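Structure, as structure tokens:
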Amino acid sequence: MNPIHTIDYIRILPELMLTAFGIVVMIADPLLKPGASRKSLGLLSLAGTLAAIAATFCQIAWLHRDASLSDPGWFGMVRVDSFSIFFHLLIPAISAICILMSLEYLDAQNIRSGEYYALILFGTVGMVLMSSAVELVLIFIALEISSISTYILAGYRRRSAGSTESAIKYFLLGSFATAFFLYGVAMIFGATGSTSVLKIAASLGDNPGLLAIAATALMIIGLGFKVAAAPFHVWTPDVYEGAPAPIVALMSTGPKAAAFAVLLRVLFATTSAHWFPLIWVCAALSMTLGNFGALMQNNVKRMLAYSSIAHAGYLLVAFAASNDIGISAAIFYTAAYAAMNVGAFAVVSHFAAGGERYVSIDDYSGLGRRSPLLAFTLTIFMLSLIGIPATAGFLGKYYVFTAALSPSAHPTALVWLTVIGLVNSAVASFYYLRLIVVMYMREPVVAEAPAPATGFMRLALVLAAIATIYLGVIPGKVQDLSVAGAHDLSPTGTPVGALPPGTQTTMPVAITQAK
Amino acid sequence: MLHQVLFIVFGLICVAGAINLLVQRHPISSALSLVVVMASLALIYLLLGAEFVAAIQLIVYAGAIMVLFVFVIMLLNAGAEERSRGSRVALFLGVPGVIVLAGTVAWLLITGSGHLGSVTIGASDFGETHAIARLLFRDFLLPFEVTSVLILIAIMGAVVLGKKEN
Amino acid sequence: MNDSILTLVTFVPAVGALALMLMPRNDRALRWAALIISIATFGLSLLLPIYYEHGRSGFQFEVNHNWIGQTIHYHMGADGISMWLVLLTTLLVPVSVLVSWKSIHDRVKEFFVLLLLLEMAMIGVFLSLDMFLFYVFWEATLIPMALLIGMYGHERRVYAAVKFFLYTMVASVFMLAAVIWLYTHNPQHNFEYDAFRKIISSGAVSPTTLQWLFLGFFIAFAVKVPLFPLHTWLPDAHVEAPTAGSVLLAGVLLKMGTYGLLRFNVGLFPGQAAYNSTWINVLAVIGIIYGALVALVQPNLKKLIAYSSVSHLGFVVLGIFSLTTIGTDGAVYQMLNHGISTGALFMLAGMLYERKHTYEFKEFGGLATPMPVYATFFLLAVLSSVGLPLLNGFVGEFLVLSGTFQSAVPHHVLFAVLGTSGVIWGACYLLWMYQKVFYGQIHHSENKTLPEIDRRERISLVPLVVMSIIMGVASPYWMRSIEPAVTSTIERVAGAVKAQAQKHVVYRVAESVQTHIPAVNKSSAASPVQNDSTTGGQK
Amino acid sequence: MTKNLHLWVIPLLPLIGAAINGLFGRRFKNAMVNTVALLFTAAAFGWAVWAVLSIWPGGSTPYIETLFPWITAGSFSAPFGFYLDQLSMIMVLVVTGVGFLIHIYSVGYMAHEGGYYRFFAYLNLFMFFMLTLVLANNYLLMFVGWEGVGLASYLLIGFYFLKDSAADAGKKAFIVNRIGDFAFLVGMFLIIQHFGSLNYETVFSKIAQGHYATEAGWGFFTITALCLMFGATGKSAQIPLYVWLPDAMEGPTPVSALIHAATMVTAGIYMIARSHAIFNLAPHALEIVAIIGCLTAIFAATMGMAQTDIKRVLAYSTISQLGYMFLACGVAAYSAGIFHLMTHAFFKALLFLGAGSVIHAVGGEQDMHRMGGLRTKIPVTFWVMTIATIAIAGIPPFAGFFSKDQILGAAFHSPYGGPVIWAIGLITAGLTSFYMFRLWFMTFFGEYKPGSVDVGEEAHAASAPAHAGHGAASHAHGHADDEAHGHGGVHESPWVMLAPLVVLAVLSFVGGWVGVPQFLGGSNHIEHFLSPVMQSGPAVSGEVSSTGSEATPSHADEAAQEKPGEELLLAGTSVGVAVLGLFFAWLLYYKRPELPDRITSKMHGIYTMVLHKYYVDEGYGAIFVKPLLALSTVVLWRGVDQGVIDGLVNGAGSSSKGIGNELRRMQSGNIRSYAAWVAIGGAVVIAYMVWMGVTK
Amino acid sequence: MVPLSWYLILSAVLFSLGIFGFLLKRNIITVFMSIELMLNAVNLSFVAFANYWHAHPMKFSDGTSVVPLSGHVFVFFVMVVAAAEAAVGLAIIISVFRTRETLNIDRVNLLKL
């Protein structure tokens, strides 16, 4: 008798797709002649990500047929629910766009190797797995897969000292943090006798022992590092500055989203009473440090790095709210942030040109005249990062603060957090605005005009821009999915009244009721 | 009784090795002291009745990983490290921080020791390899398979980063 | 047709902007296209007063669809107040297009696209009845205006643009917080204006919280108006902005602030409006006098007009927070007047700039000789903003002040008298300006040959001048639709005040429970009522 | 209801004229321009006469017609409505009549000026506003005219806008008037608040119903009355707001005649007379009006004595005479005030036009020292001026005498006046006749001594570019043009200018006869004519004043019926004083022309002070204007605006940048430091959470 | 009979010694070694806990019982990961050495502020 059933393979279908394509790319690479461009492999891996997305849709369809798919599979290793589905759609999409921009970038940097794409695909496997894994062993391995692949990719421009330095920094500090996370896992295993999130959640209950609390703390440290939340954010600016732009686009969104997913799973296995003040402080610190740090930056990548710290802070505000609205807001925010940030880095990676020469803000002077498309899309992304209405950024922030202000266990503290957040976003508008200002209101300083963007890059830009606007104007579907995800994740059922704007009781929620 | 003696002995060797890893200035000596730590840890695993773990501890860690380390040290013929003062933060913030951290954990474990109880020399059926094998290839099949991806990445990474520029 | 007209009026400019984006970079064609689109919008908006049921309070032409889920709606509607502001907008935009005909020759496409987007956003602000939608439009006005200033402005344009952006941005996040709070405590889980009004009037919200919410809205609008201590972005923005930018900034964007004060601070929080009216009136009066005095000593034509706006909008705020029908009628009317007269002034200043490339008074003088027609237009604009009877300015000022005189706000007589002194200051700085520019000998020989304004410029000026005369003579035509809207608002204030006065005891009880209700609250809640009884028999 | 008079036509006609000239005048020939202007003014005059005759005598007054609402808000509503009663009859006739004459005069006077069409457009515009003012049926519409005439005078004073002095004068006039208007507005607000309306009939009928006792103290009526009074001081150039009128002489002479003598400046008097119902309830206000009136009268008279500019002499005399009218109102002898207003309109207009004719004759010269002996050269002007001078000096049987005498009589008897006020008035009368005859002698007697420097010349030179430009404005009385046209030297004015003079001369002669008091065997027609409008001053006993419709003769009149002898005595005194003034003038400026210099050198201090108009302008400048500008610049603009507020704003920006800079130092770039941060953070986290767990 | 806490404290001590190593060693390779030390410490507690659960079996709320050996399995995976990390890490170290000609971690600070 074979204990593994077909449905189990459906549960990991996207991962399988990605892995398969990854291997194909890996095998195909030596077949191409050394000096040649690896565009073809890029397209292949693009197909891989699309296949993964398609696979996820298969999962949705399957869920409609029988809800048992959402039971934990592989002996309680993975669980397919609207939460995991959300990230299985989001993360491959991110990778897809990053691959699109890499097609141009690699040629510009004169990097000719297919492993790059394979690594992106394998990394994606890790990330998506993080979102669906419910067993700490698997979570750990998935985490390592995504981390190690990004370590390598960060150092991919081997000739550049900056790139290798960012790789080593990311690697050492990353493994350092991983050790903390592991120690936490060990303790939780000691405290509960299990490493399955579901069992842990069940056995901890409302009043876990000190050991479990310490374990949670250690895991928060490890994951807080991965999501670049203060005070574990210090690595971010250096690593982002050194790493290749498309990879920054990836690692500032994909692994981050995945890590947030894990953080959600882990945190909401215990009651919020213990970690609320902690997350509160982290949120406030991240927003403030991030925004104020960014004020004085002249390097665009570094500036965006600080901004990503700040955005992690906004996300943590939603955590602090620690109610279903908060969870869904956080889930939605990951998507919103991904859309705009990937877009921004797409522009950066195109504009940086060979050897990433042009990354200082002043280099962007007069871009409005030289390449209107680039300037226009970048403007959209900046406005979204500021949080101007009708963009993803605004809706993300709006949901977050809605969560913070809606009735909860700690109303006053959350009101203050909201105020801090809003003031921060006002401060932030200054440095995002700087970029718009130089693009449209200053005359060019760089002698050579930026090279025209290739079709793929244009596609990447336009897709990101569309996503940003879409999430800002008609986020209904995404919002529903995030709400459903929150619903599936949260230990308690959700009173429909408390659902955030745009909630309709649609498919995914239906699943969970079916269970 | 014997158990305690053995634990204390090997435990002390562990700590000594670890400390030596810190104080030694040449990477090779640090590496060797790390090997010492791992070996003694293997023995402690045996005390805990984890034969399989003890075995792979020696084979994988001491055998494979540390050899890799030594190999790299040789390759880059790293000399004795100079005591550069790159980071005052590490000294004045980090060290106290670690002490607090360790202190908290230790205190927690000591106070908790009461209900944590004690450990025994492993029963015969515990920790033996085929039991682990059952677990590994059935319940933990998926992680096991996924590890292959991990290793694939590692290989690729090593190749990509290691190979000479052309 | 009735339910689609607002959507049309709002989004025709946006569609036009899209079309412009896709057009080839042929400046002439772009200009004409922009002109035609904006005039078409104006034509559409003319349908509003035609089909509007005058004399009925409440919103008309309402359109309400779900936008994001069931909670965020696309809900628009016009009442007597917003309708006329929309018309003001649609009137000023074609005019601004005309006025930028020659002055904008670089990046023409972007310019007109931004202009049309700005129009869309401004109209949306006045029409939205869903607070979320409102906030979206509110913020949406920010970008095009900032870009217009920053891309097409003068020397210190970047500083001005950033200052404008940050000032408004910082202020409006507080409004956002207030809106979200109201939403999260709204049992209906939507952003409907009426729903919010219900929550607040239900008395479920504690006075302290109400006060914070009120301030949240107030700060956002006060910056936009701009009210006295928050006004310093205005002179910079105006001086640096291109003519069209100044016209729309002064003509419409500032009105968004006063409109917000009336529609939301007074409309949503009648009780708090009464409670806070005193110090707001103080600020308004300070604004009137301060703006005038500072305007009096400006060496720069545009700066002078900018500060005069501070003074004029002081009148508007004073009128709104007199919380009387007459005063508020006047305030609304004054919004329209200021849009027209100050818009005209900025256009005229711009025409001068096109000829002289400076706004400094010392460069002018004696211009009445080379350009008499121009001088005549200028005189009319000046007179209408001096508030000369039979021109529009007077009606508004008169009503505002007499409203303040009859108001129930403490110290209202003082406010009224100080406000009335504005008529003196207005005459001082405006006539001083006129003399500096047009009278006396010509000191700069090149001024002797300044070309007279051409046909296009006259055409762009005529509508405003004509309007300022018509509105000065036939105000009842506007009042009949403005007044019902205003009355309903003001009645709510009175009602809320009475209610508070009755609940006043309850408050005291509540206070003993939770101590942090400002002590003044009780007295202020009651005092307007007493004044109510005492007014009329002032002596 | 009598037949519809369509009063609205009366103001509308000049407006049309103004519009036509204003819009198309530039393309017209002068002939065309003045045809239009005269046509519409004449039509207005005609219509006015017809309207008056059609309801008087016999018709029911007041005649009210309401066209359509102008401002409506809440309970308040002010219509476009017109109101014709005896008071406005007089006013409308004076305005249209004198206005028409001055239009004719201007045709000649302005013949060679640039901006001819502009001048007549403004003039018609003025007529429109002035007629609106006097015909309005509510205060708000009156205010329209009130402000409008201000505007017209602003434009006309600044007619020669190339001259900075002219531009300044215009601005000054408008702003000073605005200060008055401010009070007027406040007054209106009070009325609205109290009566809920600004319509005359509403307000006055409410008062007439007699619910209001005469205020002993400082009540609503007193304050309202004072506000209105202050408004009037602006328009009618009374202390403290008279300063604009002398400067207003920068305008062309016909303007001075029409606006600054005959009509506009009397608007204040009209307004007070119109609101007599309110004033009657406010004794304090009346007293103040009286005091201001007589102070202004004497004050201006003294200043008039020292002036050498012919027009300025007349300007101060105007202020002084207006003081008289104020005095009249102050002592509740409104009809007397209106009477004087009328006669003054005649002779003062005549004086100005005459002066204009003189100036015209001597080529733009205005300094009387440079005139003299013109008696023979311009006989017609001389004779009409003589009549006017006698009239204003108050020598019977000329117009001035009767009106002035009534005022003095009233002042003497009235509870608000009394001997002191009367005495001051009397002295003023003396001074008036003195400086008027001084003017007369200096101008027409002695020998002609044209000045070495011709002010006109240089000013004209200055205005040359204007002609180059487009000839909108030329300098005052462009006499260089005249010379260019060939007829230089002293010459009599053309008939088109003289004819109005003659007409006015006749009026100044006979104009007073409508008001011959009883004790001179007359039957004070004017008073009886006005009596339906005017009710008497409040009974001293403070009893509720009776309704306005029925005629109650004024105190002066009652007194007259009691003891004519005293009246005769009073009249005699005033005549005597006038003659005295004449004598001194004769002595100083005809018989012994050197005396004045000696006197002035003797009492030099006083003389210079008087010459410099008591330094009032300088005083105002030093006390109000300069400090205000300094405050605005230094404190408000540079200080508060740029210093404090912008300082805070920019400071916030830079300080946050500073914070950012500090925070960046966390990023030392050293991996071990970063690890340290992580470690310390971790330590805090775990310590905190365990501590929380324990304390739970 | 050895109290479990002794093992745990030993692992804690090793763990903190590992951190100290990271903070104080300058040679990148040694720093990396200290990370390995930390992982070993973690493994020790895993094994110790596994042994503990073996000694004190218990049932979960869902009826399944504790699987002590999963601790051992976890250790196995940690080792695998460690191996992978070692391979990658050392490769990265090599490429750093190629670009910077140094293994002193204090000198690897181009990217800062």
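General observations
Going by the order they are written in, the chains are A, B, C, D and E; count residues from 1 in each one.
Convention: a residue touches a chain if its C-beta (ideal position, glycine included) is under 8 Å from a C-beta of that chain, and two chains touch if they have at least 3 such contacts.
Because the structure is a prediction, the values reported are computed rather than measured.
With contact taken as defined at the outset, chain C and chain D are each touched by A.
When every chain is represented by the mean of its C-alpha atoms, the one lying closest to the mean of all protein C-alpha atoms is C. Between D-E and A-B, more C-beta contact pairs join the chains of A-B.
Averaging C-alpha coordinates per chain and comparing to chain D, the farthest chain turns out to be B. Here the CA centre of chain A is 78 Å from the CA centre of chain D.
Centre-to-centre spacing of chain B and chain E amounts to 6 Å, using the average Cα coordinate of each chain. Distance between chain A and chain C, defined via averaged C-alpha coordinates, is recorded as 43 Å. Once the centre of each chain is set as its mean CA position, chain B and chain D turn out to be 104 Å apart.
Contact of a single residue of chain A with at least two other chains is seen at positions 137, 141, 144, 148, 151-152, 155, 158-159, 167-169, 172, 176, 190, 209-210, 214, 237-238, 430.
Residue positions 86-87, 90, 94, 98, 101, 104-105, 108, 112, 116, 139-140, 143, 147, 150, 153-154, 157, 160-161 of chain B each touch two or more of the other chains.
Residues of chain C in contact with at least two other chains: 166.
Pairs of chains in mutual contact: A-B, A-C, A-D, A-E, B-D, B-E, C-D, D-E.
Chain contact summary for the complex, chain B toward chain E: residues 3-4, 7, 11, 14-15, 18-19, 21-22, 27, 30-31, 34, 37-38, 41, 44-45, 47-50, 52-53, 56-57, 60-61, 64-65, 68-69, 72-73, 75-76, 78, 81-87, 90-91, 94-95, 98-99, 101-102, 105-106, 109-110, 112-113, 116-120, 122-123, 126-127, 131-132, 135-136, 139-140, 143, 147, 150-151, 153-155, 157-158, 160-162. Contact residues on chain B toward chain A in their complex (touch as defined above): 104-105, 108, 111-112, 116, 138-143, 146-147, 149-150, 152-154, 156-157, 159-161, 165-166. Note for the complex: chain C touches chain A at residues 67-72, 107, 110, 132, 135-140, 142-143, 147, 150-151, 157-158, 161-162, 165-166, 169-170, 173-174, 176-177, 180-181, 183-185, 189.
If you check the complex, the residues on chain E that touch chain A are 8, 15, 18, 22, 28, 31-32, 35, 38-39, 41-42, 45-46, 48-50, 52-53, 58, 60-62, 64, 66-68, 70-71, 73-74, 77-78, 81, 84-85, 88-89, 91-93, 95-96, 98-100, 108-112.
Chain A contributes residues 168-169, 172-173, 176-177, 180, 207-210, 213-214, 216-218, 220-221, 224-225, 230-232, 234-235, 237-238, 273-275, 277-278, 289, 292-296, 427, 430 to its touches with chain D in the complex.
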